[in-house]
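Input: structures, listed below.
Okay, so subunit A shows up in both of these, paired with subunit B first and subunit C after.
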Partner chain A sequence: MTSPSSIKADKTLDCKGLACPMPIVKTKKAIEEMQSGQVIEVQATDKGSLADMQGWAKNTGHQYLGTVEEGDVLKHYLRKASPSEAKEENKFPHTISNDELQAKINANEKITILDVREPAEYAFQRVPGAKSIPLGELEERINELNTDEEIHVICRTGTRSDMACQLLAEKGFTKVKNVLPGMSGWTGATENNQ
Partner chain B sequence: MNATTGLTKMTSHELARIVFHHKELFILDVRNETEFSDWKIEGKGIEIINIPYFDLIDGVDSALDKIPENKPLLVVCAKEGSSVFVAEQIVEAGRTNVSYLEGGMKAWSEHLEPVKVGDLKDGGSLYQFVRIGKGCLSYMVLSNGEAAVVDTLRMTDVFEQFAREKNVKIAHTIDTHLHADHISGGRQLAAKEGATYWLPPKDATEVTFSYESLEDGKEIEVGKSKINIQPVYSPGHTIGSTSLIVDDQYLLTGDILFITSIGRPDLAGKAEDWVGDLRTTLYTRFKELSNDLIVLPAHFGKVTELGEGGKVAARLGDLYQDNPGLNITDEAEFRRTVTENLPPQPNAYQEIRQTNMGKINPSEEEQREMEIGPNRCAVHDQ
Partner chain C sequence: MATKVAIIASNGGLFDAYKVFNIATASAATDAEVAIFFTFEGLNLIHKQAYQQLPMPAGREHFAEGFKNANVPSIPELVDMAQQMGVKIIACQMTMDVMNLKREDFIEGIDVGGAVTFLDFAKDANISLTF
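And then the complex of A and B:
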């Protein structure tokens, strides 16, 4: 298990010592220059920045992942959303619902869950025992998986996991299932790095 | 007035006067929605809307539509920075009569406004200190060069300064009970001023400091002319809760009896045990007192309780007519009212109790955080 401080981000923004509204103003600017799906780490010392980050993310549609407190510094993690993210069609034919996956877990079936979200998303909340390979690294790390295994691929809304399922199928995996809707609708047990 | 921006600063004192005198003010609160829904500035002449500052970073056009042009506008945020940021844009857009709240809600939460309650028989006087942003009330009894402060709030410098202005020495600080919603300044103020700190012994079983026992039969004298402060044991909100009769005219009820509600018995985790005490205090013990006593509580729940000039006070006899908490004849119904469907407990109330016992010593910043939000000490606070 990795420590919280090693959560991977594409960009780090220093807002230490800045009072409100500056942490949000600077975060907004920084995130505009980033690509959809990338994760930003915002370091702030203003305690009020926590609730404001969450509120701002909710109102803009960016994904607030979580916050790690290190001494006086709050490290906020956000993932830039793409406008079309939720609209893309799920094409992979073999799917399993959150509830069905939960039933398998409850029945203590020995199953493999592959989480293809970014490491920062995985760090804050995941299905217990899920293996992490971000979508962008899946191709190069594909030999970590067994082609005969039944693999349940999960992400936040089912979009990235759909693409991961298609990639795995192309590479000869035969028992792959896309978990829908994914973590955004997950009500069962979770674990995190902290 | 800042000549370059046309933006003015409003102090908490000025805002308190506006609330007390029911003047008209339109407030744009730019904190996030969670903080706004938890607590906000209230008043009879006040109209308030919430648009978080982070929705106004690219411009205030969306806000301008909602702000009337014919009313003075006050922009508030948590500390100040974001309100200035938004207010400057509103002034740039051509609006006039725009101000921001100095120190933001943090300053508002800590502001105490003194209001004179009345004169005492021998020439002394009684003042109420209204912590309007949080609904807390402290009192100062002044007589012949001496003063006693009751239910002292954390901002002890306000009392020190007031005592200096009135040329009196603070001789006593009294807590009617171990508070759970705010940090008491009674012990600190007593230490600074060389005064005696009084606390009911039944609320003090776990405290880490020495104190004078506030009990029935004791008399606290203020000034040589003997202003009488007479303790009346009145348990129910806490097991030690003790009310004070001042000068045979005023009944300082702490958190047992409010103007439109009564104290909740659950903040020390013993609601079931203390219901009986609460009932006896309110339905028997206080009934034996004179109906003409003026009740002065340690809290108010709604700004509508602020009377003339901001004063929170009512005749005991009138409360027996009008206060719903004093008019529940059925005991079982009373028990349900004070133990079920209670409002949420005050923020950090357990840590606040520990602090008031002297068990933990949080920094000033931490104390401020602990006191955030409304007081919620009454059964009917929502």
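And then the complex of A and C:
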């Protein structure tokens, strides 16, 4: 297990000591300069920022991942969404629904779940036992996986996992399934780093 | 379509200013389209000199220290941020005439208009607030 403080972010924003609405205003400006898919860590001491960040993410379409409290400092993690994220078409033909995957878990089948989201997303919420390889690292870490294994690939909405499935299929994996919709619709048990 | 927030600012104290500009900057930072109509004493909040030293309500002067301790941005700073994020500031022409105020008495980058200027923006606003 990694400790919460080791959650990986592409950018860190210091809003310590700032009052409302400054943490939100600064987060907006910082995220504008980031690439889609990148994760920002916002450090704030304003207690109201906890609810504000969640409300802000809900209204702007960016993804609120979670918050870690370290002493007086709240570390908020957010991921910049791309405009097309929710709309992109899924192309990989072999899919499995959240419910079907849940049924396999309930039946205690020995299955492999591969979570291709960013480490920060994985740290806050994941299907118990899921293995983490972010999409961007999949190619170089592909030898951590067995080509004959049945692999259930999951992300947040099915887009990144679709790309991961296609990559795995190209590399000779034959029993790969894309989990749809993924963590955004997951109602079963989860685990996290804390 | 973006959320629209329409605000009327009709009071001229420091507390009033924070209510108006905190909501306005937070809304703009959350991708809302914001317009504020400044009328009567609300004009103080965008007056070049007045907005630098807005009065505390009588008997509440002791809050000055609280503002300092909480590291709250100054009103000119908040106004600047609001404008940078596209908050539309409309000064009420009628009040300006009554109070004998000119456009150059106010901060840069404002619009001057009548009630209908604001109503035209507010007619399909999702949120309307009066301070």
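Observations on the structure shown:
Heads up, the rule we're going with is that the second predicted complex is superposed on the first by the 194 of 194 C-alpha atoms of A that agree within 3 Å, B and C clash if a C-alpha of one lies under 4 Å from a C-alpha of the other, contacts with A are read in each partner's own complex, and residues count from 1 in each chain.
FYI, contacts are C-beta pairs under 8 Å (C-beta built on N, C-alpha and C of every residue); 3 or more make two chains touch, one makes a residue touch a chain.
All of these numbers come straight from a predicted model, not from anything done at the bench.
Look at subunit A after the overlay: subunit B and subunit C clash there. By the touch criterion defined above, A:Pro21 lies against subunit B and subunit C together after alignment on the C-alpha atoms of chain A. Look at A:Gly188: by the touch rule set out above, it reaches neither subunit B nor subunit C.
In the superposition on chain A, A:Gly129 makes contact with neither subunit B nor subunit C. Contacts of A:Asn59 after superposition on the shared chain: both subunit B and subunit C are touched. In the superposed pair of complexes, A:Pro93 makes contact with neither subunit B nor subunit C. Shared-chain residue A:Lys47: touches subunit B; no touch with subunit C. Of the residues of subunit A, those at positions 19-22, 24-25, 28, 52, 55-56, 59 touch subunit B in one of the two structures and subunit C in the other.
Those residues of subunit C lying in contact with subunit A across their complex are 3, 22, 25-26, 29-32, 70-73, 81, 85.
The touching residues of subunit A, when paired with subunit B in their complex, are 19-22, 24-25, 28, 47-48, 51-52, 54-56, 59. Those residues of subunit A lying in contact with subunit C across their complex are 17-22, 24-25, 27-28, 52, 55-56, 59-60. Within the complex formed with subunit A, the residues of subunit B that make contact are 32-35, 52-55, 57, 77-79, 81-82, 85, 369.
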